[in-house]
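Note that the chains take the letters A, B, C and D in the order they are written out, and that residue 1 is the start of every chain.
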Amino acid sequence: MLYKILKKENYTDFVEKLISEYEFIGPKKKDKVFHDFVPIKDLRELDTDYKKTTIAPAKKLLFPPTEELVEYEVGDVIKVKPLVESSEKILFGIDACDINGMNFMDWIFSTEFIDENYFAKRRKLIVIGKDREPSETCFALSMGAEYAKDGFDIFLTELEDRYFLRIATSKGNEITEKFARIQDATDSDFRDYDKFMDDYRSKFKLKINIDNFYDDFEFIYSNEKYWEEASKNCYSCGSCNLVCPTCFCFNVKDDMQLNLKVGNKMREWDSCMIPEYGLVAGGHNFRPTKENRLKQRYRCKLKTFVDKYGKYACVGCGRCIEACLAKINIVEDVNSVKKEVSA
Amino acid sequence: MVLDIKENKSKSTIYVPDIATIKKVEKLSPIEKLFTIVFDDPKKQEEFSFRPGQFVELTVFGLGEAPFSIPSSPNNKKCFQLCVRDIGNVSGALHRMDAGSKIGIRGPFGKGYFPYDKMRNQNILIVAGGLGLAPVMSLIDYILEDRKNYKELNLVYGALDPESIIFKDRVKEFEKRKDIDIHLTVDNTDASWKGNVGVVTKLIPAIECVPEETFAVVCGPPVMYKFVVKELEKKNLRPENIYLSLERRMECGVGKCNHCHIGDKLACVDGPVFSLWEIRNLKEAI
Amino acid sequence: MANTFSIEEKLVSRVEGHGDLVLDVKNKKIEKLIFRIPEAPRFFEAMLVGRKYDKPSHITSRICGICSVAHTLASIKATEAALDIKPSGQTIKLRKLIMHHECVQSNVLHVYFLAAPDFFGVGSVFPLIKTHPEVVNIALRAKMMANEMVRIIGGRAVHPIRTVVGGFTKLPTMEEMVKMKEMLKASYPDFEKSLEVFKTIKLPDFERETEYISITDPTEYALYDGNIKSTDGWEIDDQDYLSKINEKVVQHSTAKHCWSSRDAYFVGALARFNNNYDQLSDNAKEYAQELGLKAPCYNTFMNNIAQFVEVVHSVDDSIKIIDELMETGLDEDKAMAEIKVKAGRGVGVNEAPRGLLIHDYTYDENGKVEKANLIIPTNQNYANIEKDMQALVPTIIDKSEDEIKLGCEMMIRAYDPCISCSTHFLNIKLVNKS
Amino acid sequence: MSKPKVGIFGFTGCGGCQLEILNLENYILDLVGAIDIVHFTEAITEHSDNYDIALVEGAITTKHGVERIEKIGNIAKIIVAIGSCACNGGLNCLKDLYGLEKAKELVYGDKKDWIGSIEVKPVDAYVKVDYYARGCPANRFEIVDIIKALIVGKKPEIPNYPVCVECKRNGNTCVYELGMTCMGPVIRAGCNSRCPNSGAGCDGCRGPIDDPNINAEKDLLAEYGLTVEDIMQQFSLYNAYRGKGIKQKIM
């Protein structure tokens, strides 16, 4: 890691250069409520001080909602061709919590088998992170995801009159050397940065009592009344999964064009909250009720990967809380389990 | 972003199937057929090796993909077989196909594996229901080909009715052989049937086995497991020695799509065969 | 030669919806000629009662898939008039733009897909794919352009979503504006080619003077808004439509019949052309001249030509509107006007592709519909179609039965009757009586 | 099934779904290549009674309609209902909600007895419907998908999840966040969430999913200021039909 300083007066120039030199993705105001990561052509479109988490997490850049995987042509011989898209892009203005979400996806798509459709894009993505005020529903601090240790090339932290840059890769270093007027960080810069981080952490108001949840989950597992109450209003709409930066479930579909010659395999985001998720041929459903499904979601987020690899599949971004029209709230539910255990 | 992940030099991805040809189609029952399959690329055919219990993802182009266990013996390098029940899109399309048709194959996937190494010099009790005989066929063949290294081999097999018995010729062959004891039962009988009637669990108590020296393998429809496990536990078999092949919905077969999650396990990469001990605390598993 | 026969043709095809024509001829004299609509009545006026102000436009859109934009906008205008809502200038421009393209979409569909097979003597558009592939391709491209325009502005080609009371739920992006302009500009060569093809077509010589009614506006070729004007010399404010337009129920039809100064009148492209010729774009005027269309024109079959001329005008005018909108840029804040609920009555009048369309609503103080009246283009033409047919049949009475049938069908198709508009509408019956 | 013969039939509706087929544009030539359209009142003169697949638009609202649909039911091997009207009666049912006699009187006054009209029913109230292309108008791509599925011999994939799923995949801002209301959480997806894509709430034209959480939706609408009457109106807009044939009722 290299630590550098970028003066505020040089910031605009740096970003403008990046916009003109690269395919540049950054947060832009989408409507009265939300920001979204979209291609930016003009600095004026860029707005990194968004109050709410972006509508779709940045995973859409690497793992799009729908993505063609394989193309084939059927004739006397069948020709099969993988469809792998990748071009160099800068992702600018992503916060620490979302970077941690992306790190989780990196890990999922590289364990056991490497998902080339994901990694071709990931390798070419230059990530420039930037802190922003945590949103109301964000509990990243409790999840240990408020700070990004890796997964980025450059990370910008705004101090009073300057940006404190953490440069994690040689690519990040190349870019700053080439496009920014930077200097080395001094002791006082580090001191200010440290103070900033303390202050930053104190801004996370929402706390989840996650300690030992993977054990508590066993405690609550068979409490049917609890799950019935918790999932009573659930629409099985999957919104909670689909907006989540760490949810990675997908369906694979085959489609043939009307000429019956050319077809493809594609994948699309799926959700474990949808009844069909657990349905197999012959009609058996492994998770037929919304109680089963909510249980599965919490288990997957907060237990499965802890048991197996010591990781949570949740970075505490709070998008699911925001998205759920049934007001099903992961923080409240986990905290209430804690209360029941200790009562 | 510099990642540890190596650049992919091959022209393929995990989602690209290899083209194969159906060489032979045999009808096993009113709804099950046995397909003999050979890869078009001879090199791929040669390299294709699998363990009993593993499965492949089969593509019918334009229709979709579905997982099927391989019932043929791993020792057969010239071709492999799939036993498929006509139940949905892909399986239905397969049933309409004749010898010569082209399909796509990815795999083999899954850890497998029936622990045939650990099973050496042990008694083996296989409980199969319906189509569940297909995945264990590979194991049976494997053991029969190496018979001297195993002790008692019992196969309990239950089918819906006499017509639904799959691998009828093999079952007849087993009945004649001395080195495998087969216990057959059907749920619904017809006039021709002289054997047992009822669910498989009924036959288990009568089978004698030494608990510490017996491995059990169970494969069948989801509803069967709970009851069979109960019977096996009554026989004091160790949970570590009871193996179950679990079915879940699968979209990718390579641990990405997450549909086959059971607790902290994925049926595709960690299974689909698990010991009872492994899954006892996974909840929802059986 | 059939001196005595009776035509009873069910479900005249290639018209939007269903209609029957019953024609009995004895010794070359028409004994009975009725044009009827076995289409099920749909009672839209009843469906509207009690619905909140934001719903009528969505409900009445479903009167007809082909004129869904016109219904949506007439409905919105009626509601806005009743509740005193003032949409922004930007909203009105976008509405005019979407109106144009429903007109293009519908006129192209009608001229190329439904009427053209008659011109080329084939049964339908499908054989036309083989005999006149270039015509079909031009038509597909033109339709695609118009549909895409409607999709961009309205969110969907049939039953627009974004057009609502007060304005738009979402505005096109600047990229979409640029795309629309490019599509429009790219469409000209196709129309020039079509012009050459249409010049070779011979339409039946048939004239019958009648009353032509449409809206009119001092500043432009009116489609979206204006006074109601007749070739019989009157012009009224749209809110006063009841003073001139009369409706009655006739027994053989679920569609109501309309009359004004005479026993029947004509609405549609030819009426607009006859009333507002001067305001067509220069380009469109040139097309009209090349195709032998002059105002006033009394040949019903020329309605198809007038539709084609209007397509050219719409493309010209759309480019103008887009330029104006791009100059100022689209402003989110002007997308929706302020809405306050109150009691009141309002009339919304515009030109659907098939002619004059009138929605008239009365709201209660909660902003719920108390009463609704809808007057649909095809209903208005209905009496005129019968009159035209009575004039046409004697001129072709010496031809074979099939030719007479075809003549009648072509006449009906010239009107482009949109029978599904059967809020209140075709089968031809030719049965031998001897 | 190679080159199946297809008939397209219209009953009471706005013709918009048939128009959506004509609006297939880029696909229409391929479509004509893949199937034989032998009956299509809105577009062609020829008609034939020899077809395998019937695409049926519109609700059944007249006695004559009943006879026609029963005939189609006897001929077609597969019936696909297209659009809200055909699938669940659609908007037409509002008139029955209002009262058939009352509606006749309101529209036709003292001439009301001239008007023959029966209770509005969806197609499956009279004949077995194999697949449903729901929506008002039906999504043309879904119609193509169903036809493709039938040609290659698979079961068409028609979602049984709510509109929210597609809405989220499309990265929309939930219209509730914008202060509007939406039926998306209980309504069947497959329309590519076209209304929310355009910044408007879902009106429910595709009908409910198999297991809709109606109570939660009622609570939600109430929370956003709708009165009980408003809520019933919102639920009934496209889903007023309650009789035979319908799988899930939401009223």
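Just so we're on the same page, a contact is a pair of C-beta atoms (placed from the backbone, for glycine too) under 8 Å apart; a residue touches a chain by one contact, two chains touch by 3 or more.
On a predicted model such as this, the values are computed, not experimentally measured, just so you know.
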For the pairs A-B and A-D, output the one whose chains share more C-beta pairs in contact. A-B
Any idea how many Å lie between the Cα centroids of chain B and chain C? 65
When the centre of a chain is set as the mean of its C-alpha atoms, what distance in Å lies between chain A and chain D? 37
Take the average of all CA coordinates in chain A, do the same for chain C, and state the distance between these two points in whole angstrom. 51
What are the residue numbers in chain B that touch two or more other chains? 62-64, 88
Residues touching two or more other chains, restricted to chain C: which are they? none
Taking each residue of chain D in turn, which ones touch at least two of the other chains? 152, 199
What kind of graph do the touching chains make: line, ring, star, complete, other? other
For this structure, give each pair of chains that are touching. A-B, A-D, B-D, C-D
Name, in rising order, each residue of chain D that touches chain C in their complex. 10-20, 22-23, 25-26, 28-29, 32, 37, 41-47, 61-62, 64-65, 90-92, 94-95, 98, 102-104, 106-109, 111, 114-115, 117, 136-137, 194-195, 197-200, 203, 230, 233, 237
Looking at the complex, which residues from chain D come into contact with chain B? 152-155
Chain B residues within the chain A interface of the complex: 1-3, 5-8, 11-17, 19, 59-66, 87-88, 91, 102, 104, 221-222, 247-249, 251-252, 254-259, 261, 263-264, 269, 283-284
Per the touch rule above, chain B residues touching chain D in the complex are 62-64, 88-89, 92-93, 96
Can you tell me which positions in chain A touch chain B when the two form their complex? 69-70, 72, 74, 77-78, 80-82, 84, 106, 108-117, 119-120, 122-123, 125-127, 151-153, 169-171, 221, 248-256, 260, 263, 265, 267, 270, 272, 277-282, 284, 286-287, 292, 296, 299-300, 303-305, 307-308
